[in-house]
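The data blocks that follow each hold one structure.
Next come two complexes built around chain A: one with chain B, the other with chain C.
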Partner chain A sequence: MTDVDITSKTMDGMGPHGTKVGLLRVLGPAHVWALGVGIVLVGEYMGWNFAVGKGGAYAALIACWFAGILYTCVAMIDSEVTSTVASAGGQYTQAKHIIGPLMAFNVGLYLVFAYTMLEAANAITAGYLFSVVASMAGYQAPLDQRPFIILVIMFLAWLNYRGVLATLTFNLVITAFAFIAILVLFLATSGIAGGGIMQHAALFEGHELPYGWIGILAAMHFGLWYYLGIEGTTQAAEEVRSPARALPFGTLAGIMTLLIAATLTWYVSSGVLPWEYLGDGVNGSVAPLFDTARLSGSTALVWLLGFGTLFATLASANGCINDASRAWFAMGRDKYLPGWFGAVHPKYRTPYRSIVFLVPIALIFALGAPLDQVITFSILSGLLGYTFMPLNIILFRRKWPLHSIKRGYEHPFHPVPAITLLTLCGVTFFAVFLGYGTQLVAMIGFYIVVSLWFHFWRYRFVNRGAQFTMPWPKPLGY
Partner chain B sequence: MAHYTPPKQGRASQLIDVIVLVILTVGALFVPLWLGLAGAAKSVETPVANPTWETLGQTPAQAAQYEALGYTPEAAHDLILARFDYSFSITALLTMIAVILLYYFLILRFSEVEYREVIAEKFGE
Partner chain C sequence: MDLWNWLEYAAWGLSVAFGLHMAIDWLKTDSSYSEDVLTSSREGELEAMAEEHKVKS
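And now, the complex of A and B:
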C-alpha cells in the first residue's frame, strides 16, 4: 500500500490543496451530475431519432436500452478508475498510467473530437431552433442560421474562459430545466395529467420493423446518441473537492437520469410523430421533443420544449467545450501536444489557450458539414473510446489488484461489465458499418496516421518517467 | 534506465505540429464528403405517381399526423418512401474488421514499448 488515500481530503495524491499548481478545486457532486447529464441530455432533444430512421420505432427503443446497458458499463468502469486517477484529462490520464503513451494520445484525441463534434452538432441545432422561432414569429424569408451558430460557440467559449464554477453552475440550472421539460411533456401528453395524445399502436401499424432484424442492429449506431458524453464527468476530476465521492456519485446518478429521460423521450415522440418523419433528422424532425410539443396543441408546451431544446443544446455545448479543452490541455501539459496548450490562465485558472484554439475547429464542422455526418464523427470517436475502456479496466485490475490501491469506488461483477461493453462495441461497429463504413475506415485511417506521427515524431518531446504522476506502486509484471 | 531528457521544441516546430493535426482532422471528415463517399444516403426505389396517403402506405391515423405537421402526400412522398440500403459485401466487412484489429494491435504494441520505458524510468530498474 502507498501512503496515499484517494478517499482522504488531505492525502488524496492530488496537487497541493489551496495552491496554484493546478486547476481550481471548487466542484461538488451536483456539478459532476450537471456536467455529465448536461452534455448528454441534448441527445434526447435531437439526434437519437436517426435511430428510428435506421430501423423503425421499436428498433430505436431496443437500441435505446442496449445502448443504456453499454453506458451503464461505461459508467461503472469509469467510476472505479476515475475514483483513483483523479486528474484532468479523464480517460486520457487513465490510459497514460495504465496502458501507455500512444494509447493515451489516441484516447485524448477521441475525447477532443467526440466533444468538439458534439459541440458543433449542438450549435447546428441551436441555429435551427432560432430559424423555427423566427418562422413562428412571422419572419417570412429563410433565416441565415450561421450567425447564431457562431454566436453560440463564441459565447460559451467565453463563459468557459472565465471560470469553471460559473460555467458548471450555469449548466446545472439549464440542465435541470431541460430535464424537467421532458417530464412535463410526458405528464401532459401521456394522459397522466390531462388528455393523452399517444397513439403508438395506430402509428406503428404496418411499420413495426420496416427493415427487419438488421434494422435493430443498424439502430445501435444512433442509439449511442441517447447517452454519448456521460463519460465526460471524469474530465472534472482535478476540479472536484472530493474526487472519490463526487465522481462515482455524479456519474452513476447521471446515467440513471439519462436512462429515464431516454425512455420517456422515445415514448412521447414515437407516440405522436410518424416514424418516417421522426427518423429523418435532416429533412424531417430535427428536434423531436419540440415537434411533439407542437402537435400537442398547447402553446405553453411549445414554449417550454422550445426553451428546453435551446437550454439542452447550450448545456451540452458548454460541457463539451469544458471537456474537450481539459483533454487538449492535459495533452499539452504532458507535451503530447505543443506545450503552449498546457497553460492555465493566471486569473481564472482555466485552460484558456486550449479553449480558444478549439473554437475555430468547432466552427469549421458546425458551418461546413451536415448534422448526421457531424454526429457520426462524434459517435465514432466515442465508440473507439468505449472500446478502449474494457481493455483499460482489465489491465488496471491486473497491474494494480484491489489490495494494492484504495479505490473510491469498486465496480461489481468484474469482468462481466468489461466483456459486455466490448461485445456491444462490436455490435455498434457493425451498425456504423451499415451505411457509414467509409467514414469508419477514414476515421481509423486518420488515427493510424496520427499514431505513427506521434510514435515516430512527437513522442521525442515527452518526458518519460515524469509523465507518470499518480502516487501508485509499481505495476505488477514490470 | 538512464534518464531521458527531451529536446526543447521551438515555436515554429510547435506551430507545424498543430497545423499537421488540424489538416489531418479536417481531412478525415471532409475528404469522404468531398469524394461523395459519405454513405448513408436514402433513396426511393419505386416512386409513386400522383401519391395519396393510401398509396404511400399510410393509415388514417398516420395521415392525420402528417397533415398536422403541414405535409401533403406530394410533399411527404420522398420522406415516407426513402429507404436505406443495408446490403453489404463480406469482403468489405472483413476489411473493416481487419482495419480495426490492425489499429488496436498497432497502438497496443507501440504503447507497451513506450510504457516499459516510462515504468523503468519512474521506478528504476
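And now, the complex of A and C:
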C-alpha cells in the first residue's frame, strides 16, 4: 500500500510512493467553498444578463433555475467521485482512473483552457473596472487599461506561487465580501429593510416572453454564467486536510450559495432595470448589480457593490490560476505533458512551474483577444467537461459499486442526476449552437486534432504504470 | 501629472516586481534542488481509504 503516512503530523504533506516534495494539505471546507464560489460569483455581477437579451427577464429566470439543476447535478457527481479520487487534477484525474488516457487528456485540456480563458476574461474586466473608476473620479483622458490587466494577472500568479493557504484565504475574504454585498443590496432594495424600489409588474408588463419559448432555450447559453466554475472545487483535492469531508461539504455549500446568489441577483436587477437595457451587456448594463445600486440612490450601496464587483472579478481570476495550474501540473506529473511541469516548489509547496508557464498564455489572451471570444472559448470548454461527467459517474458506479470503495459522499437518486445532466448539456449545446455555431464546430475540431496528436505521438511518453496509485480494488468485470 | 498617470506607472512597476520575484525564485529553486526531488510528487491518497482498504490482487 503506502510506505508513508500522509496523515502524520510530523510529515505533513509528504505523499505516498516516494514523494519527497508534495503539495501541502492545509485547506479546510471554507477554502473549498471560497475556491468554487470565488470562481463563479463574478457571473452574478456581470454576464448573466445576456440571458435577458436572449429571451426576456422570465427566460433568464427559467434559465437560471434550469442551469441551477444542471450544476446541482455537477456538484453532486463531483462530490462523490472526488471524495474518492482525492488528487490534484480534478476531473482529469477522475477520467484517467475511470475512463482512460484519451478522455483524461481531453478533459485536462478542457480544464486548462476553461480556467485560463476565464482568468484572461476576468483580467480584462478588472482593467475595464479601473477605467470606470477613473472616469467616475473625473479623469478625462482614456485610461490605459493594460498595466492594470497585467498587474491583476501578475499579482495573483505571485500569490498562487507563494502558497495555497494564503491564496485561498484571500479568496475566502473577498468572496464572502462579494456575496454579502448581494445580500445587503437585496435587503436594502426589496423593501425588507428600508424603502423598496422593485417594479417587477410594471417592467414586465407586455414583455413577459418577448421571443417566446425559443428565447428560453437561447437564454440557457448564458444561464451557465450564474454557476460556471463551481466544479473547480475538485482541484483542491490534494491540498485539503480531509478530502472525504471537506470536498463534498465545500462543493455542496458552494452550489447552495450560488443558487441563492443567482436568484437574488435576478430579482433585484430585473426589478429595477428595463429588460432591453439589462439584456444588453455591452452597450447597456455591463454590471447589473452595480447599476441597481446606483439606481437605489444610496452612496454606501454604490461603494459596496463597486468593491463587490472588483472583488468578485479578482476572486474568479485567483481561483482560475489555482485550478488551471493544478490541472496542468497533474498532467505533467503523469507525463501526459512534459514531466518538467510536474514539479513542486520545495518551500512553498505549489506547482510553481505550471503557475509561471500559464502566466504568458493568460496575458496573450487578456491583451490580444476580444472578451466575448475569450468567454465563449471558456464556456465551450466547460460544457464539454460537463458532458463527460454523467458518463464518468455511470462508469464509476458500474466498475466500483458502492460496496467496493468507501466514498466520502454518495449522491442520491443515481442515475437520475447523470441523465438529467446529460439532457441539459444537450439542450445547452443546441442553445450555444444557435448563437456561436462556428466557434462550437471550430472548438470540437481543435479537440479532435489534439486527440489525434495524443493518440499517435504523445501517448508513448505517458508513464502508464506509475499514474495509477489509488489503493482501489480491481474494477468489476475485469 | 495626474494621479491616474502615477497609478498606471505604479501598476507597471508592481507587475515587473512580481514577475521578477517569481523568475528569480524559480531559477534559484531549480539550481538548488535536483530534478528528482522537485518532480517526486505522486498522487495523494485519501486517509479513510488508506486505513480501510487493501489492494486486491
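Everything that follows uses one rule, which is that the second predicted complex is superposed on the first by the 458 of 478 C-alpha atoms of A that agree within 3 Å, B and C clash if a C-alpha of one lies under 4 Å from a C-alpha of the other, contacts with A are read in each partner's own complex, and residues count from 1 in each chain.
Please note the rule applied: a residue touches a chain if its C-beta (ideal position, glycine included) is under 8 Å from a C-beta of that chain, and two chains touch if they have at least 3 such contacts.
Remember, it's a predicted structure, so these values are computed and weren't measured experimentally.
Applying the stated contact rule after C-alpha superposition, one finds that A:K54 touches chain B and leaves chain C untouched.
In the superposition on chain A, A:I214 makes contact with chain B only, while chain C stays out of contact range. In the overlay built on the shared chain, the residue A:G339 is in contact with chain B and with chain C. By the touch criterion defined above, A:K474 lies against chain B and chain C together after alignment on the C-alpha atoms of chain A. Applying the stated contact rule after C-alpha superposition, one finds that A:H31 touches neither chain B nor chain C. Note on chain A: of its two partners chain C and chain B, the one contacting more of its residues is B. In the superposition on chain A, A:Y139 contacts chain C only, with no contact to chain B.
On chain A, the surface patch touched by chain B in one complex and by chain C in the other comprises residues 339-340, 466-467, 474. Against chain C, the residues of chain A that register as touching in their complex are 1-2, 6-7, 15-23, 25, 83-84, 86-88, 93, 134, 137, 139, 141, 143-144, 147-148, 150-151, 154-155, 157-158, 161, 237-238, 242-244, 333, 339-340, 342-347, 352-353, 355-356, 359, 405-406, 408, 466-467, 469-474. By the touch rule above, chain A contacts chain B in their complex via residues 53-54, 99-104, 106, 113, 199, 202-203, 205-207, 210-211, 214-215, 218, 272-274, 276-277, 280, 283-284, 291, 294-295, 335, 337-340, 357, 361, 364-365, 368-369, 372-374, 376-377, 387, 391, 429-430, 433-451, 453, 455, 458-468, 474-475, 478. Only residues 2-4, 8-9, 11-12, 14-15, 18-19, 21-23, 25-26, 29, 33, 35-50, 52-56 of chain C touch chain A when the two sit together in their complex. By the touch rule above, chain B contacts chain A in their complex via residues 1, 3-4, 6-7, 9, 11, 14-15, 17-18, 20-22, 24-33, 37-40, 42, 57-59, 61-62, 65-66, 68-69, 71, 76, 78-80, 82-84, 86, 88, 92-93, 95-96, 99-100, 102-104, 106-108, 110-123.
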